[in-house]
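Next come two complexes built around chain A: one with chain B, the other with chain C.
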Partner chain A sequence: MAVEGKTIDALSQFELTPILGAVGKAVSFSQSNLFMLVAVALSAGLMLASARRGALVPGRLQALGESAYEFIAGMVRDQVGDEGKKYFPFVFSVFMFVLFGNLLGMLPYAFTFTSHIAVTLALAVVVFITVTVVALMRHGMHFFSYFFPEGAPVWLAPIIIPVEVISYFSRVVSLSVRLFANMVAGHVMLKVFATFVVLLGGLGAVGPFVAAMPLAVNVALVGFEFLVAFLQAYVFAILTSIYLHDAVHLH
Partner chain B sequence: MRRVTTLAALAATLPIAAIAAPTGSIPVEGMPQLAFGHPEQGPLLIGQIVWQLIIFGALVYIMAYVALPRVGAVIENRAARINADLEAAQAAKTEADAAMAAHRAATDQARATARAEVATAMQAAQAESDAKAAALNERLNAQIAEAEARIDASRTAAMGALRSVATDTTEALLTKLVGRVDRAAVDAAVTRELAARGRA
Partner chain C sequence: MNERDGFEKRLRQARSEQGLDKPPTSGGAVPQSPWGYGLRAGVEVVSALVVGIVIGFLLDRWLGTWPWLFLVFFVLGSAAGILNVYRLFNPRPRSRMK
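Presenting the complex of A and B:
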């Protein structure tokens, strides 16, 4: 699929295909959604297995689940404070969804749903709406003072308010595009260098030796992609926490 | 075992689902992620978002109401257990410290008592030996005094004898020389002579 008529096709890996036959086609259930289900099953399964063991001295699996729990719980506590406790499950879900989406994408044949701007944008919109609703519920109309910092000269309002509003809404874009661009770039690079391996490998006697170079690059890239997978999930979660902090405390 | 089987089945379905999926018949121009106008990709993109919202909502629900409270309970249990153990250890340490202090106090007291007893014993011994020495001294002094008295008596006796010896000698000499003796005169002369020499 990657090499068609000696051209590099790095983008077809992002195409959606309906699964589950006619039913899937009718309800537009693509392989992307299947991997979302897998991500949910794995993350929920990890936490449930970790809790079911419930040992005083945790085993490896339990320690993994608990360290994930404490990592995000600590992040929310540090960023939002004690009021943030009730938003912890939401931030945790966001983190696990993105993390498992990224990590599943590292498996061969798997589909990286976080490489779809629609998915990351939808997630960012969910975060944005949640944060805004939290802010409105906590502060009511006072929330709008967020867009005009206290003590600023009133005559600057025509400049400050639009800037603040734009920066508030640009959260959606920055959240979604950051994750999307990172995942797409990584997977395109992997695909391109993997195609090089195939193309150069076919160059007769010297082929295998020349092909070793892009192969080495790919090995390094895989490691790098694992780093990015964790890092982007972390960034998504911590930005969500910071936005929640703003919503709870208004600056 | 059951979980392993489930995982294996899951792992097997992933590639199958991906491979078995038919490639779209209409080629996609540009990035598939932005192909909202594509007759096949477009509906799938929209459907993907809808399904995502449902699936993510389910994840949040599971995490918030089932999984995370359980994990949190386990963690809190452990923290409570550790705290209780720490408190017990603290209590035990306090107790041990108290016992140690009591032991040290008892040792100190015993040492002080022993020292006091030694001191009294030594004092008693000293007093006893002092008394003995005093008694001995007294006895010796008495003996010395007695001896001196005896010496004095002997000397006095000797002195008395000297007078009679001197008188007798004088009488004998006078008898030989003169032939007669005036006893009273001889006594007076001896007495005078003795007084002159300080031996009266």
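Presenting the complex of A and C:
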């Protein structure tokens, strides 16, 4: 699949193909949607399973669920403050969805839905709209003072306000592009080095020895990709909480 | 005595976790390595520039003033990008905790 006539085809792994036969074709149900459902089911299942027993001394599953919960709860508390508690479910859902999306993509034959800009952009737009609605609900019209810092000279307003508005909207782009670019870059690198292994392996007697080098790189890359999977989910969640902080406490 | 100190400490910790007591300090930015800062700064600049360009382009198409608003918003987008990087290192003050 990766090697077609001795060329490197690193991008076909991101292609969407409809699944589930005619029904899937009719509603454009692709493998991306399937893995989104799997991610939702796994994260919901993890939390339900870890909350079901509620043992005083947690087992492995319960400890996993509780540490995920505590991690995000602590992060929201640190970043947003006590008012942020009601937004914890939102941040936690976003975090688990992105985390499971990134991690599922590390399984062989799985599809990384966070490697599609459409998916990450939709997530970022949801975060952006939620944050803006929260700010508008808490502060009303006072929210618009966010775009003009206190104490700045009034004659600078025609410059400051557009710049601040652009800076505010750039959150959507930076949030989505960061996750998307990290996932695409990692998976392309994995595929490219995996193709090198196959291409160099066919070089006759020296082949297997030369091919060991890109194989070693790939082993390191897999470890690095697991780090990126966690880190990007973390960054997505912490930026969401920082934006929520700005919305809750204007300035 | 010793046991009681431990209890007080745990009680304080539990109370602050439940939001009954105010934590002494709060806030703090994303912990970042130099590489993380560099990559984030790049993304911030480019994304602000993209937003500026898109707004300028759409306004030009709507008002038929190509390329003037595009140029204006290109400059504003670059300024917003620099502002974003500035915010990365100097976050908005987090003093006003109600």
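Note that the second predicted complex is superposed on the first by the 251 of 251 C-alpha atoms of A that agree within 3 Å, B and C clash if a C-alpha of one lies under 4 Å from a C-alpha of the other, contacts with A are read in each partner's own complex, and residues count from 1 in each chain.
The rule we apply is simple: a contact is a pair of C-beta atoms (placed from the backbone, for glycine too) under 8 Å apart; a residue touches a chain by one contact, two chains touch by 3 or more.
Computed from a predicted structure; not experimentally measured.
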Touched partner set for A:Tyr69, first chain B, second chain C, both or neither: first
Touched partner set for A:Leu48, first chain B, second chain C, both or neither: first
Partner chain(s) touched by A:Asn102 [first = chain B, second = chain C, both, neither]: neither
Per-residue touch tally on chain A - higher for chain B or for chain C: B
First, second, both or neither for A:Gln232, with chain B first and chain C second: neither
Which of chain B and chain C A:Ile242 touches, first, second, both or neither: second
Which of chain B and chain C A:Thr195 touches, first, second, both or neither: neither
Which superposed partner A:Thr112 touches (first chain B, second chain C, both, neither): neither
Touching partner for A:Arg77 - first (chain B), second (chain C), both, neither: second
Which superposed partner A:Phe169 touches (first chain B, second chain C, both, neither): second
Overlap of the chain B and chain C footprints on chain A, listed as residue numbers: none
Footprint of chain C on chain A - complex, ascending: 77-79, 81-83, 85, 159, 162-164, 166-167, 169-174, 177-178, 181, 235, 238-239, 242, 245-246, 249, 251
Chain A to chain B touching residues, read off their complex: 1, 11-12, 14-19, 27-38, 40-41, 43-44, 47-52, 54, 56, 62, 65-66, 69-70, 88-90, 92-93, 96-97, 107-111, 113, 115-119, 122-123, 126, 180, 184
Chain A-touching residues of chain C, taken from the complex the two chains share: 17, 19, 22-23, 26-30, 39-40, 43-44, 46-48, 50-52, 55, 73, 76-77, 79-81, 83-84, 87, 91-94, 96-98
Sites on chain B touched by chain A in the complex: 3, 10, 14-15, 17-24, 28, 30-34, 41, 43-53, 55-56, 58-60, 62-64, 66-68, 70-75, 77-78, 81
